[in-house]
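Here chain A shows up in two complexes: once beside chain B, once beside chain C.
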Partner chain A sequence: MATFVDRYPDEAKVVQASFAVAFIALGIGALFGVIQALHRTDILRIIDSVDYYTLLTAHGVLLALVFTIFFLVGLFTWAIARSFERPMPDIRLTWAWFGLMTTGSVFAAVAILAGLFPDIPMSADVLYTFYAPLQAHPIFYIGLAMFIIGTWMAGADWFLAYRGWRSENPDDRIPLQAFMVLTTMIMWFVSTIGVAVSVVFFLIPWSLGLVETVNPLLTRTLFWYFGHPVVYFWLMPAYLLWYTVLPKLAGGRLFSDPLARVVFVLFVLLSTPVGIHHQYLDPGIAEGFKFIAMTNTMFLLLPSLLTAFTVVASVEHGARQRGGEGYLRWLGALPWRDPAFTGMALAGLMFAAGGFSGMINAGMNINYLIHNTLWVPGHFHMTVGTAVALTMMAGTYWLLPQLTGKTVFSRPIGLLQVVLWFVGMVFMSNAMHRGGLLGIPRRTAEPQYQQFDFATAVGSIGEIQAQIALGGVLLFLSVVLFLFNVAATWAQDRVDTPVDDRIPEPLSPPSGAPLVLDNLALWTVIAIVLVVLAYTLPLASIITDAGLLGKSPAFPVSVSVQPVVDAAISAFASVSPVTSAEVQPIEGVVDRLAEVIR
Partner chain B sequence: MRRMSSALFLVLVAFTVPIAVELRTVAGFFGVELPFIAVIIVELLLLAVITAVYVLGRITPDDDEPSPL
Partner chain C sequence: MEIHKYEKIWLAGALLLIVGFIATVSYGAVGAGIEMVNDEGGQVDPASLEEHPKFGEPGTYQTGENEYDVYVIAQQFSFQPGTQQPIRVPAHSTVTFHVTSADVIHGFEVVGTNANTMAIPGQVATITVEVDEPTEYGLLCNEYCGSAHHAMEGRLEVVPQSEWNESMAVN
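Up next is the complex of A and B:
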């Protein structure tokens, strides 16, 4: 029986290439992840603490941007060709955006990793949020710009395919998977304007020395204008797989096509005007704007809860089709041997927990308790690190046979791999959340302050660190198993029917959905209006306060204690005799700083 | 008596690990500080109980099962 690679061989090559880049990024990012986990828990230190930030930046960029988005573009290309039942309009355009994205990723990665080699005059230790006034080498920003433009070209490619399909099917409903791709890309086009303006108009000229200063609050706000929708850009491929593939793997059918469309439309409308909830502690943004962002954020719970209901109902339907009965016994009838099903189910479960911890992040008052603590990485390792990443890995076990014509090398290894990921993440994210509640900071190689003990409600700091390290090691082992299984699958011989790739019709078909749901132009206009309402006044206020280019010069990226010592010495030297009598003698401070340098 | 596959058991382990870890944290909120070994004991207990219920018991009677009355 013909599968995707037989029907669309050119598109299958692009999807395979996209997945290959994604998995290379996953491997490198995971290696850096386990090194960080062992370093900051002080269990094994093989790098210098100064290099920690280089690895942290590479970990964030390679996993949160390169792995997820390359998988997304591969998956969406598969979904567009499959659901429109036609090849891409021009395969040269498809290869062009793949090439641009790959080149941009390589530029950014080279700029970051060069920071590990002091002889190379290049670094980008700015973390994946690249907040100014931390400054990276221009190649980093140029690479990011190329990457974003590549995704725009990919979106244009998919909309051209839609236009071709629509001209031949003027009265048909948009196929569900294509609808999901197109709505996600509308959200992406609207939201990436923010980061594009920030990078192209401010950060690239600033890093090239064409302008001397930058407005940190403006570039941060433009980043988060994009930074929260990017969360949904990661999540939407997972949702696509949960809605359309998971019910099939469970042995059933999607519960409701109209409900799925409503969810994706809600994400188009609600995901962008909420970014300020990442800036609750930023001075310069009025509390009222933050309150509005919080309210908008809480509305986002609605599509998430609709998804939980629809997906669980679809999976239960599948279990009952397989003979499952009772209130809970049907769970035993699900295909737990299938790593694709099990991985996606575990990812969905973890997403529920991540959603609850996300509500703490989103609550304006309670956010102050955990802001910039280890709680935050604990949260996003549950969401993007598991709901998204584990779904993508699990989905690979079903997609790769369609793309290559080869069966999965080992399903038991696949099953062990997805379970290992889930258990590893339980240990790591649980400990991160607990550590965050105690105030342990994020984004630092040295979380243990001098002469300060964190008081734990349960257990000890050492136990929390042990859990983080154990979790990190299990996660790394899981990635090793995954990459081995994928590479071994690629090396297999082709077979006639590598996988059953049919997706059954939903129980509630698209004919039951109001026609207005397919009116993409209408949702785009409403999304833009909501963004204008949410961002015009805050941005005007920020620009009025500090100007378009701000007053902040670049902060040195290369970490050195010497300037701190010089500044401290000059500060103490200028302090009045009355004040200096109340603090330690200057000589003592200088000695201590010299000790830190050593 | 139902048979439990090794895959289902593996997934059961995955489901119960977070419950065991969090139960200890919840106990701590109520002033009951359990040692870390308690997580392992709770995990084993949870696995034993759920496996026994699944293999031996039935949570609801089947529709075609005759009424005991």
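Up next is the complex of A and C:
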């Protein structure tokens, strides 16, 4: 029986190439992740703390942007070709965006990793958020811009496919998977405008020295205009798999096609006008704008809560088709030996927990307690780090056979791998949440201080750190097993029927969905109006306050930290302590700064 | 559009949860009076903070009976005051921190409390807190600010009112 690779061999090559880039990024990013987990918990320090920030930048960019988005473009190309039942309009365009995205990623990665080599005068230790006025090498920003433009071309490619399909099927409903791709891309086009303006108009000219200053609050706000929708860009491929593949793997079919469409439309409308919730503690933004972002954010819970219902109901339906009975006993009838099913089910379970910690983040006033603490990476390692990443890995066990015509090398290794990820993340993210409540900061190489200790009510700092380190090691082992399994699958011989790739029709068919749901132009216009309402006044006020180009000169992330450290040490040394009791901590700080030089 | 009965119940529950969350946050803002960091701090020129009437000499200023303003400059990789000398405020007082940055974006976190804000160059963040019993708190920078970010820390001392004297204030 023919599968995807037989029907669309050219498209299968692009999807395989996209997955290959994604998995290389996953491997490097995970290696850096475990080094950081061991470093910041002071269990094993094989790098200097200065290099911690290089690895952290690479970890964020390679995993949050390269891994997730390359998987997305591969998955979406697969979904468009199979659900429109036609090849891409022009495969050269498809390869062009793949090439541009890959080149951009390599540029950014080179700029970041050069930071590990003191002899190369290039550094981009600005982390994944690249807040100005910390300044990276121009190649970093140029690479990011190429990457984003590549994703736009990919979106254009899929819309061209839609146009071709529509001209031959004027009266049909948009197939569900294609509907999910197109709505996700509308959200992406609307939201990436912010980061594109920030990078192309402000940060690239500034890093090249063409303009001297930036307005840090403006570039930061433009980043978060993009920085929240990007989390839904990560999540939508997972949703696509949960809605259209997971019910099939469970042995059933999707509960409701119309409600799936409603959910994706809600994401188009609400994903962008919420970015200011990342800036609850920023000066220069009035409280009213923060309140609006907060209410929008809370309503954004709705599509995810609806998804929880639909996905669980679909899985339960599958279990009952397999003979499951009772209120909860049907859980035992699910195909728990299938790594694709188990991985996605565990990912969904952890997303529920991550959703609850996200509700705390969204709560404007309680956010004071956890803002920029370890709680926050604890949260997003459950969401993007598990709901998304684990679903993508699990989905690979079902997708790769269709793309290659080869069976998965080892399902038991796959099962061990997805379970290991879940267990590792339970340890790591739970401990990170707890550490955050104590005030332990995120993004910090050595969160051990000379002048104070963190106080714990339950457990101890050492125990929290041990859990983080243990979790990090398990997660890394999981990635090693995954990459081994994928590579071994690629090395297999082709077989006739590598996987059952059929997706059954939903219980409630698309015919029940109001036609207006498929009116993509309407939703685009409403999304833009909501964005204009949410952002015009805050942006106008930020620009009026400090000017379009602001007053902040560049603070390049130093290739050599020597001058910075010298300056800091001399500042400390010049202090004449008021009391002898203060000598100790200050000397301690000087010692630690001196260590940084090494 | 056909919606299953259970799904309608779930939908109603979800909306109730959302409205409940918004209500509790609103109560926190209005009832409990937890204000967000906002735009009231105004702007400063990060390159000439020394000419600013308060940031030129940062520290604790008395503004009323039991009311104090504390001006803090965050810079790579120290708080001024906070790192070299502790910030000192008297016990049982209302303290408003005015925090800005002289260079890049920093964080200002009083460890173990909800006194937490971003320090953005050009902007002044203000947060008002109530301090009670005499104690000591740690301060740390919770936004990556460069290669020695992890060394950026300090102390906040809440001094007994009997020991508080004019020399601890800047004015």
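FYI, the second predicted complex is superposed on the first by the 556 of 598 C-alpha atoms of A that agree within 3 Å, B and C clash if a C-alpha of one lies under 4 Å from a C-alpha of the other, contacts with A are read in each partner's own complex, and residues count from 1 in each chain.
Just so we're on the same page, a residue touches a chain if its C-beta (ideal position, glycine included) is under 8 Å from a C-beta of that chain, and two chains touch if they have at least 3 such contacts.
Because the structure is a prediction, the values reported are computed rather than measured.
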{"item": "Touching partner for A:Arg329 - first (chain B), second (chain C), both, neither", "value": "first"}
{"item": "First, second, both or neither for A:Ile503, with chain B first and chain C second", "value": "neither"}
{"item": "Contacts of A:Ser256 with chain B and chain C, given as first, second, both or neither", "value": "second"}
{"item": "First, second, both or neither for A:Arg442, with chain B first and chain C second", "value": "second"}
{"item": "Which superposed partner A:Leu116 touches (first chain B, second chain C, both, neither)", "value": "neither"}
{"item": "Partner chain(s) touched by A:Val211 [first = chain B, second = chain C, both, neither]", "value": "neither"}
{"item": "Chain C versus chain B, contacts on chain A by residue", "value": "C"}
{"item": "Residue ranges of chain C touching chain A (in the complex, touch as defined)", "value": "1-4, 6-7, 10-11, 14-15, 17-18, 21-22, 24-25, 28-29, 32, 34-39, 41, 43, 45-47, 76-78, 83-85, 99-100, 103-105, 107, 109, 111-118, 120-126, 136-151, 153-155"}
{"item": "Residue ranges of chain A in contact with chain B within the complex", "value": "325-329, 332, 336-337, 342, 345-346, 349, 353, 415-416, 419, 422-423, 426-427, 430, 434, 457-459, 463"}
{"item": "Footprint of chain C on chain A - complex, ascending", "value": "49-50, 53, 56, 125, 127, 131, 133-134, 215-217, 220, 255-256, 258-259, 279-287, 290-291, 294-295, 298-299, 301-302, 305-306, 309-310, 313, 359, 362-366, 368-369, 371-373, 438-439, 441-447, 449-455, 508, 512-514, 541, 545-546, 550-553, 555, 557-558, 561, 564-565, 568, 571-572, 575, 578, 582, 586, 589, 592-593, 596"}
{"item": "Residues of chain B touching chain A in the complex", "value": "2, 4-5, 7-8, 10-11, 13-15, 17-18, 21-22, 24-25, 27-29, 33-34, 36, 54, 58-60, 62-63"}
